[in-house]
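Okay, structure first, notes after.
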Amino acid sequence: MASDTEPLRRIVEGALLAAGRPLDIAQLQGLFDPLEQPDAVQLRAALDAIAADCAGRAWELRQTASGYRLQVRAELAPWISRLWEEKPRRYGRSLLETLALIAYRQPVTRGDIESVRGVAVSSDTIKLLLEREWVRVVGHRDVPGKPALYATTRQFLDYFNLESLDQLPPLGELRDLEFSEGLELAPTEKPTLATAAGPELELTAATDLPEERAEP
Amino acid sequence: MSVREPQPQPDAAAPRQEELPFAIVLGERITELPVDLYIPPDALEVVLETFEGPLDLLLYLIRRRNLDILLVDVAEITRQYIDYIAMMGALRFELAAEYLVMAAMLAEIKSRMLLPRQPEIEDEDDPRAELIRRLQEYERFKEVAVALDALPRLERDLFPAQLPAPDCSAPRPLPRVELRELLVALAAVMERARLQEHHHIRFEPLSTRARMADVLDRLRTQGFVPFVALFKVEEGRRGVVVTFLAIMELVKEALIEIVQAEPYAPIHVTARAADGERH
Amino acid sequence: MASDTEPLRRIVEGALLAAGRPLDIAQLQGLFDPLEQPDAVQLRAALDAIAADCAGRAWELRQTASGYRLQVRAELAPWISRLWEEKPRRYGRSLLETLALIAYRQPVTRGDIESVRGVAVSSDTIKLLLEREWVRVVGHRDVPGKPALYATTRQFLDYFNLESLDQLPPLGELRDLEFSEGLELAPTEKPTLATAAGPELELTAATDLPEERAEP
């Protein structure tokens, strides 16, 4: 008896595993040569056997409107979902520059930032920074349009593990930092790194970044 | 006697025969070229496409006689090969250059073999050696290609299990930023600004800038704040100085106003844009 | 003991079923919170349990180059392949021979392949192999024209159900033309090939492929 239904059951099971979509009785019959097609009763018996066998396994047999399908059990979602976990993206240069300018020049308007960067700052960039709660609006400038004035937040300091903004290095040191990065700007004016002081050296060592990615 | 046919047989069930078919026309294998019959070049193309090149054709000629490659009668094979090529030429069928190169190579071997070998030169190469080496080499890969094709493979023989996953909308992780990235970005933008001559940007100490933001934020929520209320005694002398500098800077940047209703009345501070914001 | 490994096994099984592609040990570890990650030994034990459980079932656990994969057994292909209307693509000799040369001789240039096959390799063939990601360019030979050097990829091994290149079918051996002194002899008088028995027989067995038909 068991040996009779076994081959049928294996074929149905294999089809359901490979299909990943619901298969109805007619589709399951379609797997066979016309002369060898099992009838609906035989197929249902095979499906019952498959369903019974799922107990305690990672998958289950579900009957949906369009047929039968095997699916991974819902309780495994917390682990399975990690299969498709996206790698965290990286922020582009424009966002980092905007954030840095807000930190060093706060309170600033978008216009202030644009005039230093020489390019427009997209609304998305500002939105992202507000959403991450790294910047906040602290007021508006009294000029036409009343542009918002941005400043950094407590969360910004926490994220970067700073007690206060004072702990950010002064700009003078930044210039050395930039040159040490070998960025494309004016390398001829590069002061030797030897002039940099103790903490600066540490900073330089830490700035061995993976290549910068262009913002999409 | 076993005959190895070229691999992609148009019709595996077709009857075998000893003679090389010149062409397959309407399912018939033509083994002799009919003198008075025109065969469209297309049909011959079918024949030529059966072979993967001159080495393949040579292998076919050898194998259909069930000969070992090492024992090839070069004269005979050369004759057959050249006949074949000649037939193609007679039909004005354009042969790939490789076939002609091979014909030349065979002719050379044949002629060298006709020369008496000099006994004193023991190590003289067998003129066939290079050809046989190439034929063997090609045959190994021809065979292993068939074996490769016979391996079970995805899409044809194997189907990975692919079940729908439970609904799992994984929260997209937020990008990480290192402080040093931020500093590098700032350094870059400052350098750019510096190169644009006309931009002279002052940078007050960060403590002052931070305090400016704090004062503004307070004015934003409280609107109208007594000047003295902005100072915190517990911050000490340094804190007072920072706050004072921040207020002066805010005034200079026209972000706040200091108002006094009348002489000696309490001084108040308010954001310049406060009105605009509040309604 | 069994109850200990059971949850791990279910998670691994579920992930393999849902992934539809091979997952390696590191990827399986990545399904877990950093603090709860099973070690490689535990994961291998779970995989062994899954493999043991496949015996006689419609599916099997297979290790290929990129990791572990649950797949429907090849013997069910005649039925399962009917799930898809399109016939699986057939690959011509020219492509297979080119692929074989790249697999066994890598890294090779197009010129290397051509010199063995005795014919030009079409650009379409190379393009198709690159598109399928079965081969990739691993460098350029330092000769005039700097021809690309091709090698096979992990995807190639995954596709052909292999874990490593060692598992490719064996390549026939080259025999030396040693008895060339007997040049003048008629082939019938030669010592039979049976003298070269051992490896030769093995070779024949290994390459005794379905496509080759012997004439009676």
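Lettered A, B and C in written order, each chain numbered from 1.
Operating definition for what follows: a contact is a pair of C-beta atoms (placed from the backbone, for glycine too) under 8 Å apart; a residue touches a chain by one contact, two chains touch by 3 or more.
From a predicted model like this one, the values you see are computed outputs, not experimental measurements.
Asks: Going by average Cα coordinates, which chain is farthest removed from chain B?
Replies: A
Asks: Going by CA means, which chain is nearest the middle of everything shown?
Replies: Located nearest the centre of all protein C-alpha atoms is chain B.
Asks: State the pair of chains with the top count of C-beta pairs in contact.
Replies: Going pair by pair, the biggest contact count turns up for A-B.
Asks: Measuring centre to centre with CA averages, how many angstrom lie between chain A and chain C?
Replies: The answer is 34 Å.
Asks: Would you kindly tell me how far, in whole Å, the mean C-alpha position of chain C lies from that of chain B?
Replies: Centres of chain B and chain C (C-alpha means) sit 20 Å apart.
Asks: Can you give the whole-Å distance between the Cα centres of chain A and chain B?
Replies: Roughly 24 Å separates the two chain centres.
Asks: Can you list the residues of chain A that touch 2 or more other chains?
Replies: If we look for residues of chain A contacting two or more partner chains, we find 14, 17-18, 20, 59, 70, 72-73, 76, 80, 82-83.
Asks: Where in chain B do residues touch at least two different other chains?
Replies: 159-165
Asks: Provide the residue numbers of chain C that touch chain B in the complex, in ascending order.
Replies: 16-21, 59, 62, 69-74, 77, 80-81, 88-89, 91-94, 96-97, 99-101, 103-104, 116-120, 158-162, 168-175, 177, 179-180, 183, 187, 190, 193, 206-207, 209-215
Asks: Per the contact definition, I'd like the list of chain B residues that touch chain C in the complex.
Replies: Counting only chain B, the residues touching chain C are 1-5, 7-8, 12, 16, 52-56, 67-68, 70-71, 73, 96, 98, 102, 113, 126, 128-129, 132-134, 136-165.
Asks: Spell out the residues on chain B that touch chain A in their complex, using ranges where they run on.
Replies: 159-170, 172-193, 195-196, 199, 201, 203, 205-207, 209-210, 212-214, 216-217, 219-220, 254-255, 271-274, 276-277
Asks: What residues on chain A touch chain C, complex-wise?
Replies: 10-11, 13-15, 17-20, 23, 27, 30-32, 56-59, 70, 72-73, 76, 79-80, 82-83
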